[in-house]
Amino acid sequence: LRTGYPEAIFCQGKTPEQVVAIVEKMMRSNTNIMATRASQETYELVKQMVPDAVYHEAARIIVIKRKELVVRDHYIAVVSAGTADIPVAEEAAVTAETIGNRVERIYDVGVAGIHRLFARLDLIRAANVIIVVAGMEGALASVVGGLVDKPVIAVPTSVGYGTSFGGISALLTMLNSCASGVGVVNIDNGFGAGYLASNINKLGYAE
Amino acid sequence: LRTGYPEAIFCQGKTPEQVVAIVEKMMRSNTNIMATRASQETYELVKQMVPDAVYHEAARIIVIKRKELVVRDHYIAVVSAGTADIPVAEEAAVTAETIGNRVERIYDVGVAGIHRLFARLDLIRAANVIIVVAGMEGALASVVGGLVDKPVIAVPTSVGYGTSFGGISALLTMLNSCASGVGVVNIDNGFGAGYLASNINKLGYAE
Amino acid sequence: LRTGYPEAIFCQGKTPEQVVAIVEKMMRSNTNIMATRASQETYELVKQMVPDAVYHEAARIIVIKRKELVVRDHYIAVVSAGTADIPVAEEAAVTAETIGNRVERIYDVGVAGIHRLFARLDLIRAANVIIVVAGMEGALASVVGGLVDKPVIAVPTSVGYGTSFGGISALLTMLNSCASGVGVVNIDNGFGAGYLASNINKLGYAE
Amino acid sequence: LRTGYPEAIFCQGKTPEQVVAIVEKMMRSNTNIMATRASQETYELVKQMVPDAVYHEAARIIVIKRKELVVRDHYIAVVSAGTADIPVAEEAAVTAETIGNRVERIYDVGVAGIHRLFARLDLIRAANVIIVVAGMEGALASVVGGLVDKPVIAVPTSVGYGTSFGGISALLTMLNSCASGVGVVNIDNGFGAGYLASNINKLGYAE
Amino acid sequence: LRTGYPEAIFCQGKTPEQVVAIVEKMMRSNTNIMATRASQETYELVKQMVPDAVYHEAARIIVIKRKELVVRDHYIAVVSAGTADIPVAEEAAVTAETIGNRVERIYDVGVAGIHRLFARLDLIRAANVIIVVAGMEGALASVVGGLVDKPVIAVPTSVGYGTSFGGISALLTMLNSCASGVGVVNIDNGFGAGYLASNINKLGYAE
Amino acid sequence: LRTGYPEAIFCQGKTPEQVVAIVEKMMRSNTNIMATRASQETYELVKQMVPDAVYHEAARIIVIKRKELVVRDHYIAVVSAGTADIPVAEEAAVTAETIGNRVERIYDVGVAGIHRLFARLDLIRAANVIIVVAGMEGALASVVGGLVDKPVIAVPTSVGYGTSFGGISALLTMLNSCASGVGVVNIDNGFGAGYLASNINKLGYAE
Amino acid sequence: LRTGYPEAIFCQGKTPEQVVAIVEKMMRSNTNIMATRASQETYELVKQMVPDAVYHEAARIIVIKRKELVVRDHYIAVVSAGTADIPVAEEAAVTAETIGNRVERIYDVGVAGIHRLFARLDLIRAANVIIVVAGMEGALASVVGGLVDKPVIAVPTSVGYGTSFGGISALLTMLNSCASGVGVVNIDNGFGAGYLASNINKLGYAE
Amino acid sequence: LRTGYPEAIFCQGKTPEQVVAIVEKMMRSNTNIMATRASQETYELVKQMVPDAVYHEAARIIVIKRKELVVRDHYIAVVSAGTADIPVAEEAAVTAETIGNRVERIYDVGVAGIHRLFARLDLIRAANVIIVVAGMEGALASVVGGLVDKPVIAVPTSVGYGTSFGGISALLTMLNSCASGVGVVNIDNGFGAGYLASNINKLGYAE
């Protein structure tokens, strides 16, 4: 919709061949393209057709750039709890970057070692929007929400076992956050968080 | 936290006397105050102490104003589905106004009569942020999300019966929205939506 | 039961050999046969025995025709949201066709791009019955239900991730539809929807 | 939408005064009106304004008739299991009648005494559409579905205790019915079933 | 506990080697042994050690007989709905037989074709205890319960898809049965049903 | 069905007047009658019509006796955990007695003080059938099941708070019992347990 | 069990008269008594019989002291999040005190204003055991667990609305805590937490 | 945090290479290390780098010892129900030992054969803390809790099928335990139980 936004493909549940077919069709309109949840195998096949396609491995995103985007100074902070949450955090970060935002990553600052979070607090507070990515009990969103006065987008991840119920525990935590100003997206939905954060980050600036 | 933001009291589960006691303590610091989920009865008691306290009946919010806030032109649209969703929509709208935002209300535009929504689309699209309030199946959030390129905050309401499960059906709809750019808050949490929308609406403007 | 209706086999959880054995037994009574949720492998084995068996790949249905059915003009519209919903939509469409109905397919008209739905609205409105197939948040059923005055059969699909809970989110949306006149079948139950639509479509006409 | 259909008001959660106000506004367009989930108290107030308003007590529906509807011979059968299911069965029956359908009631034929069902089978089989209303385990829908070749609309009721979970047990039974050709509506949604049955019953006949 | 009862091994989650080790240890006390949920592979390994071990393939049970049991005339009826329910029905039947009961099998009598059930009703009614095995919506238990005045043990199976939720739908149906006199065991627990039925069938007879 | 069994009325959700009307109709066939979940108020009204009606207060059951039943020596043991479980235990016990069984009550033997259970073990073991009634975590059913070789009927009660979820915790415990030979009925369903126990207790004896 | 421990009565669901009867019986053995979840009304009645009975209003506990307990220096910290959590926190604190423990209260230190927690950290860290009481998203347990190396007992409360699901959200948070060393009790179970904390606090000291 | 505590790695969801990389980094600070949920394959790779690494196969834990820990006499009892629960019990036991505790194992004492539990009761009662590990219905925690006056840590396991719901049934049992003094950890969380037990066991002793 928004001018300059890339077309997005959700690869999960699609064969590499199906993805390539969609990419091919999209390329006719000379737009930027991003394919999320893409496997290495899908990337190999895409690359044969589009040699300059870039694969963000941790984020599992393929990016094809055809138009340059203006990137401004004000940034999105992506804050995440544990190392297992990084794929989702990267999905959010790379999505936001691909749409034309500056992103700062603050990873591995889960609440079990809260001093690590405080050590990075200035960088978080100076952001325009903050994405918080956490699994298990997802408490990080509440703690960050209480420390900043900027919009917070919380992404529960399916990291955990037993009663984490594939991300439900983290989701409920984030929906019930005692800190105000937190909006929540679907479990593992890094893409949606990056997209929403971009929509927010671009407000109030001519494009 | 943020300068100029009023103190908020959540009245649900508190007696009128308890609310008055909290108000009294807060008034010492000469700040703006809002009390949400307030009954008429609570308002009567507050008014005896603070004669200029205002009661927004549909929103169930008491506001006490001590400092004037700058309100700018760019606005928050509050869009709601059925008449039973209005209390939550008003909680969001009055919260946002009390914090110093211009708000436009677009009510009774549920998807069962989608022409009513299209009739108001220009006003919705020109907003800086859109709050969508809906119960039952909550489909309005997806439809609006697909029609705008601004951040959308979705508020599921507990309106419905049977399998609406007190708002869970609407909540799931909103979390799974096939339109990107939608953040979700807790069931019936109009306050949280208004607060988050305000944090977004004020970005990029000096205060 | 109904004269002319084919015998149906549900292949899921059965080995190709078991399916062949059932087909063999059924063929003795010289009836039309359809086998749903059939893999390519099952089809190969059936074909060795019944060379004129037809495989509808997208629908995963094998059809063996022994008796011709009268097909009338009034039709069933099968409307679906995303490409991932097509297998279920095809299961509904091929089922209805095999039972002797005319079917019109209106695919890829999910609510995130609602103009695509409006572009096909005349074809949908002129149908006798409408089957709506959607996953994720399933909002399409409510939107279509509000636009037509014919019976709507909604089929939630298991398409989605996280809080889509394998189709529960779409199911709840459809059960809580604010538009009246919507009946719902089990998740991914394209067969059931096609069967019910046929029972409706044939009412009021001599057979 | 459909010519001749009455306007409907859902009274649950509305005060008698609110219902009267809505009725008043609707009456200006000289249409038939039905108000569902109406208490005796609401009826008394409506009657003061509209003396010829009729109250169907068991169905909890108020009907105001301003235009005569053509009622044809082909009918809707409303089949219900226990006495506690009758209010929902009546909501369905009265809704369908008010919209202009002939209705046959077959009550108290739950599967624990299956001979009572068989005693009425001819009347059920000759219907154009069958609405099955049942709570607790809701098995009646499957049994009826297996005995007829007409469209069946199943309405789970909240009748039961413990693991009936307010109608969820009956709902699941109906969604998983081993008999094909069954569409399901929300728990206790007699209105929706009557409306959908009417949309089906009127197919194939000029209006 | 009870004299003459075989020792039972639950093989699920155990390697063939682990099962063989347990069998070896049990054989020292010269008792009858049954191993449930046993794969063909496990059987092969057991057979190398105990050549007269018998494998009931459909029931997935290995039986090793060392002592003869008295089997009386009064019998347990095992009634099941669909062909996919047969493994659980056989687990119940073979368990009961191995413990020393006469068993009559009445399979494939699901409620979608209720005449098949009525055709076998005399055999069912003459039993001492009836085990009813059904998946999907599990309505068979209610129907049988209403037709007999003997104790009924209902076994929900995990057969189904979508909202059958791996047997929960059938389980709830059985717990909410409108027919009195039905006791329920865990999903797929044919062993438990056979064991309980045996405890009932042997009451009132000297051993 | 069974000769000598009383007619049963489930009073919950019925007005005293409705109960009286049903009783009146039943009395015409000169049968024994029991009304469960009956309030004191309902009893008063019934008594005006039937002066010899007896009210079992703890069990909340009204009994009207018109025919004498033979009661034999072999008995049903009703075992319960806490004092709050007694109403359900009594519903089971009085039901069984009214149908013509000898009953022994073993109350207040919850597993938190397991010595109290062992003190009564002989009486439990000598029963023909054992009904175990427990709320909260419902562990008593497993412990009793492991100590006896007679059929056990487990009744979960809604006693507890928080994660007892109105009886679900106890229900799951009983369905997953590691002791074999346990059948489960609906939450708080003392009547069903008493009825099933009676069907078992009467096996093998001429009537 | 443990010498010196008072007898406990759980008043919820008991009439004042029933509580008094139990107290009377217990007083014969001259032991300390505590009655939890006691209303003011129950207290008035108990007081008539036992004039020196003390009522802890916030904790809703009646205490009757007959034997003096040794209270040592090492203490239990009771930490709670919001003002609505105080009744449960007090139930824990008063329980632990009544059993003979020193207790330090650290209330109103929820994570939305984390500086208040840090201001009291020394007192928390010096405790022998820490009880953390929190509703809504319950994040406080994880944060405290990460800051101390003493056993933590987490008590979820039913405080919250919507997706807090009566305490389930907080419960899941606590069970999934990314900080090690946290044990969880039932929702609102302040008594159980105080009891367990006492069992821990008394370890390693002669009694 | 606590001096002498080993660093812990949670291997589930990490490749052997990732685990080795983390171990390598940790070894620089010359600390004891334990890696839980480690596969044989991960162990082989770790061993190549650290030849004296020890693998506790049943517990799935790799231990690397660099510093000797003082182990005192007072011990932790690890009590478990069935053989399938042993991996979790061992995870708890080896964790506690690695942190420097004496552990006594009491395995295979599930409540279906309660005499086996009583035979070991003295050893259990003399412990400082008791860890109870059980799947299926998890009743063992309540029974043990009623027999001891020491802190009990309950670990639900995912052992079971059907309504055991991957450990939820056992979890609910433990949270609702009618015996006081029981704290619960996440499903299968042997590590957390061992860690918490160690924090308790070391209280009151100088280190």
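Going by the order they are written in, the chains are A, B, C, D, E, F, G and H; count residues from 1 in each one.
Please note the rule applied: contacts are C-beta pairs under 8 Å (C-beta built on N, C-alpha and C of every residue); 3 or more make two chains touch, one makes a residue touch a chain.
Model, not experiment: these values are computed from the prediction.
Note: the chain lying farthest from chain E is B, by mean C-alpha position.
For the pair chain B and chain H, the distance between C-alpha centroids works out to 48 Å. Averaged C-alpha coordinates put the centre of chain C at 36 Å from the centre of chain E.
Separation between the centroids of chain C and chain D, computed from CA atoms only, is 27 Å. Residue positions of chain G touching 2 or more other chains, listed in rising order: 162-164, 168, 171, 175-176, 180, 186. Chains that are in contact with each other form these pairs: A-B, A-C, A-G, A-H, B-C, B-D, B-G, C-D, C-E, D-E, D-F, E-F, E-H, F-G, F-H, G-H.
Taken together, the chain A residues at the contact with chain B in this complex read 1-2, 5, 8, 74, 128-129, 149-153, 171, 175-176, 180-186, 191-192, 195-196, 199-201, 203-205. Looking at the complex, you find that chain B touches chain D at residues 84, 159, 161-164.
For chain D in complex with chain E, the residues that touch the partner chain are 81-82, 110-114, 136-139, 142-143, 145-147, 160, 162-165, 168-170, 172-180.
By the touch criterion given at the top, residues 12-13, 156, 158, 166-168, 171, 186-189 of chain B touch chain G in their complex.
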